[in-house]
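This is the structure, below, for whatever I ask next.
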Amino acid sequence: MCIFGTGDLGRSLGLRLLQSGYRVVYGSRRPHSCGPLPSGAQVMTHAAAARSASLIFICVHREHYEFLETLQSKLEGKVLVDLSNNLKKGMYPEANAVYLQRLVPQAAVVKGLNTLSAWALQNGLLAGKQVYLCGDDARAKRVVAEMATKLGLTVLDKGSLSAARELEDFPLRLFPEWRLPLCVAVGLTAFFFFYLLIRDVIYAYVENGNETSYRIMMALANKVFPIVSLVMLSLCYLPGAIAGFLQLYRGTKYSRFPNWLDRWMLCRKQMGLVALGFAFLHAIYTLVIPIRYTFRRDQMSTVVDEMKRNTSTPFDNTEAWGTDSFIALGILGFFLYVLLALTSLPSVGGSLSWREFSFIQSKLGHLTLFICTAHGYIYGWNKFLSISTYKWYTPPAFMLCLIVPSVALVLKLLLLLPCVDRTLTRIRQGWERSKPKDAVGVTNL
Amino acid sequence: MCIFGTGDLGRSLGLRLLQSGYRVVYGSRRPHSCGPLPSGAQVMTHAAAARSASLIFICVHREHYEFLETLQSKLEGKVLVDLSNNLKKGMYPEANAVYLQRLVPQAAVVKGLNTLSAWALQNGLLAGKQVYLCGDDARAKRVVAEMATKLGLTVLDKGSLSAARELEDFPLRLFPEWRLPLCVAVGLTAFFFFYLLIRDVIYAYVENGNETSYRIMMALANKVFPIVSLVMLSLCYLPGAIAGFLQLYRGTKYSRFPNWLDRWMLCRKQMGLVALGFAFLHAIYTLVIPIRYTFRRDQMSTVVDEMKRNTSTPFDNTEAWGTDSFIALGILGFFLYVLLALTSLPSVGGSLSWREFSFIQSKLGHLTLFICTAHGYIYGWNKFLSISTYKWYTPPAFMLCLIVPSVALVLKLLLLLPCVDRTLTRIRQGWERSKPKDAVGVTNL
Amino acid sequence: MCIFGTGDLGRSLGLRLLQSGYRVVYGSRRPHSCGPLPSGAQVMTHAAAARSASLIFICVHREHYEFLETLQSKLEGKVLVDLSNNLKKGMYPEANAVYLQRLVPQAAVVKGLNTLSAWALQNGLLAGKQVYLCGDDARAKRVVAEMATKLGLTVLDKGSLSAARELEDFPLRLFPEWRLPLCVAVGLTAFFFFYLLIRDVIYAYVENGNETSYRIMMALANKVFPIVSLVMLSLCYLPGAIAGFLQLYRGTKYSRFPNWLDRWMLCRKQMGLVALGFAFLHAIYTLVIPIRYTFRRDQMSTVVDEMKRNTSTPFDNTEAWGTDSFIALGILGFFLYVLLALTSLPSVGGSLSWREFSFIQSKLGHLTLFICTAHGYIYGWNKFLSISTYKWYTPPAFMLCLIVPSVALVLKLLLLLPCVDRTLTRIRQGWERSKPKDAVGVTNL
């Protein structure tokens, strides 16, 4: 094994290779003044180092690749592993590895391992980590893959060297799987915010001349948060139901889902976590209500009014039951929400068996959705039929937000009907409706 | 290596085997139309595939095992690994692996790896995962164990093939270690709920004719939750104290604990987490009080009363100290509770040294129990001696619930007495009271 | 492989070695009565066992090492691995491994693996765990390191046998990296507590004769918590800014930071988590306010006053905006705080790419600091210029606590200026100001 470059990454990689029993040689511009290297490793000039090894790691910035051209003859037939990354996307017209291959056409360039950080290497945080490889030479890729497996890494082959650009973009990715859920969240928040702004603040100002702009900061936000949270939670469970109906309709599980459904299903976890974030904000915003200036003012004026009128409204048992159920359902829903989120932590989820995981995410998840939807329905129990609710002929926001969860729950209920459920289970075990009888043979796990 | 079956599991397993440097051959009914397989693997008919390998993974549903009977001659002397699972417990009279061994008596059947999911295999989430093996042929088991270790798995041998049924039931288990704590929680909740229902709601109705059923939803629940939480927290620490006394009494650590104590000790973590769940609910229920209709009504009527009587009760300094201490202890207890739970997360707990873990779970745990118990005692500080507390001659629920924690704390205090502690430490280091002097030789780590 | 000692550790280690394909022999005092051992292992007398293996694990308490002296001849040239730990620091004048080497001078003693617990070994929780080695014989260390790597461990060589004492102290460490943050937290808490005690309680008593000692329990605590939390959060981000300026001043990233800065930077994560703990307490203390006796008393007396005066203060729109913004910023800050803490969980942080991790910890972290500081400024928006705030000529505590966060934010802002940022980025990529032009060649990753 030879490593070109004695920077942080080169040093950490060498240390790890030495520990796995490999002999490591460093190639350096200045073999005598290149700082502390892991004990057991030799340092030589680039040329000497290249001669002594068949596998060479290039831990050097792309800008300095030119010197490799001068080593052409020594690199013939060697495997070069390009670990470099760029600072930005699209900094260079061609991928680093492609450029390297062009410089040294006689060597077999493999792009890979570039998602490893010096820090992770140094601290031995490799176990089970997934790394990517690509290259045009199958033998070279096999050699690198075996080395990586020995280091405890899990290798995924991404094909030919033309995938190098994709690999080089990996370390630059910023939460790709969070993008869609966050976009949905921002879109929903903006929509409902303006909807409520019009109904709650502008309506009051136009019709009655009340200045209630202070409601924006808390009261409005505390209406937007639960709405977005509930809609996003139901968006977690809707694609599963749609997929079920699609499988039923097609009568097989082997045809691929349409692209949009695939993407949707892949970001369900992130969707749920964003929903939890909104639910968390809703919870704190609600708990904080009694400290607020407006709440205390309201209470005070109620008391003063009552005193002045010198009457007292009797205690309303139904009202007490209603609000208490409303609050209790909300708390319970939030509690289940948190439970769901805990099991999506990698270390917790990893310790569950498949059946336990699906029990939590499916059964408990739908229960959470049901409870949160009920929380929404009880909120509006005495508002659905009163005309004053429909300001400017628009329904209140909480009614709008109950549509998607209701649809998701109804679809799930349909799928749970015994006859539908039985067919679906058979399909998911590999049974195909269209398959001719005689072809039904061995189905595989 | 040979894999029969090209389903999800077969494909993922083959991919992982290829990456670990094995040569993989698939056996298929229809070698020419079996969908995408990992690159590098060959596909043949079952017979040809069986001939070319010594270790064969059976990734096929049990219902289709019959075809293996026809391959008898090709399977002679081979190692067959049965990875199959069933959908329900007790679907078949004999375990799948036993059935397979009966079909192909000349092969060495090993049951195992069936807890792996295709999903975990594909995503390289194997590092350190525990898998189980069983089989009648020791050599075959050793071959499979070595292969599994190479994949990064941790193998646990469960003995002969008669354990196959147990292994096949593993993936069907649903939180076995949570069953006891949840049963205890449900039992305690039901008991205290009815106890409080009688004392708080029915008593008020019978004696004074008050309709206070609305209290069920929140007020009652918020009494039940802290009670159950405190009792369950103390049940986490009680078995440790009992075990200590048992070791002291027996004078050795080498004799096994009675069965019930063993089971109890094994579910302490789950017990604690359930207790935290109840504490969490208690916390939110408490914080939500001021938003509730009844609370606002109460406050209002107090003010109105005061105004009408035209007097004012002076500010009570003792009352202020009392309630504030009560609340502060509750918050502190909850905070420590959450800390304890965080260290029981696999990834956090795994990064602690043994001494740190035991410091948190034992010292901090007992401190939490002490603070929460003090929280309970302060709640009742002025109620213990008033007769009106003992409705229908029953003690209030919070008194009942203080018994177990107090016992646990007293037992722990006794164990901390210097003389007792010294003996116990010696016993836990391997010293035995009954051992004759001359036999005391090397004690082992 | 030979293991001396059939205790818990010996048994678990043997089991793991057997599973990794090693042949294991136990050496025991009483080969015929040493309890259940892992199947596949042989048991012999110490002498016979020593003869049959080249690598011997000593899983015996230090007090019983003497018997090894009698085996001198059999141990010549063998590698002895000392896994022993002590119960307390400094129990013996010399380290266990040094003592062992003195007893058996002809063997090569390697100290190591002593941080492994029998429990972790038994449950296969080894993957990627870091273990330490030290010893005087390089070859012996290499043999042990390779064995450990095969078990899935990550090895760190700590040098010669004189480091053995340090290794033996590892399992006795109690949160070493938490010590500094906790000291800072305790110091800050004590200072601000007494500062507030003087200003809020003693001042009121001395000047007006008011007995307000009940404020200590909740009101005072709820002022101390946010102050300490904010200061500690800013202490997380201050060292990064200082380090940036130091690198700018020195013009290189290759010279080491002063010792105090290094130590400070290493405990930033713990500092932040302690800060979160205080923020959590602040949040609950705040939410609990409306349940408190004093709050309800205050509200009541306000109403009664208003009724008696028979006037009503008009609704103040600015006040509503101010308090609501104050609360909303607090909630948002706490929410981001929790997000930051979640990504510092090992299992969550481990699944992030380097860029994602630094995005969260740097960008989101500074945003959190900014929001929390703004929360503090808004709290005092109408208090900075009123004279009554400066009791006994001291500034209120919240002003004091805003100094450090403001400094940290200003420093960070300076570093973000385009010209400064560009230079710093170049320095962090390896550019050196002092380097002569011609020496600028290959910079390494």
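Chains here go by letter, A, B and C, matching the order in which they are written, and residues are numbered from 1 within each.
Going forward, a contact is a pair of C-beta atoms (placed from the backbone, for glycine too) under 8 Å apart; a residue touches a chain by one contact, two chains touch by 3 or more.
Remember, predicted model here, so these are calculated numbers, not experimental data.
Both subunit A and subunit C derive from one sequence, and where they touch, under half of the residue numbers involved are common to the two copies. The rotation relating subunit B to subunit C, fitted on Cα atoms, comes to 120°, given as a multiple of 5. Computed centre separation for the pair subunit A/subunit C is 27 angstrom, with centres defined by C-alpha atoms.
Multi-chain contact residues of subunit C, defined as those touching 2 or more other chains: 127-128, 152, 287, 290, 299, 303, 307, 345-347, 350. Remark: subunit B residues 5-10, 19-21, 29, 35, 39, 59-61, 63-64, 67, 83-85, 115, 117-119, 123-128, 152, 170-175, 211, 213-214, 217-218, 221, 277, 280-281, 284-285, 287-288, 290-294, 296-297, 299-301, 303-304, 307, 345-347, 350 touch subunit A in the complex.
Taken together, the subunit C residues at the contact with subunit A in this complex read 127-128, 130, 145-146, 149, 152, 154-157, 254, 283, 286-287, 289-290, 299, 302-303, 306-307, 312, 315-317, 319-321, 323-325, 327-328, 331, 334-335, 338-339, 345-348, 350-351, 353-356, 359, 429-430, 441-445.
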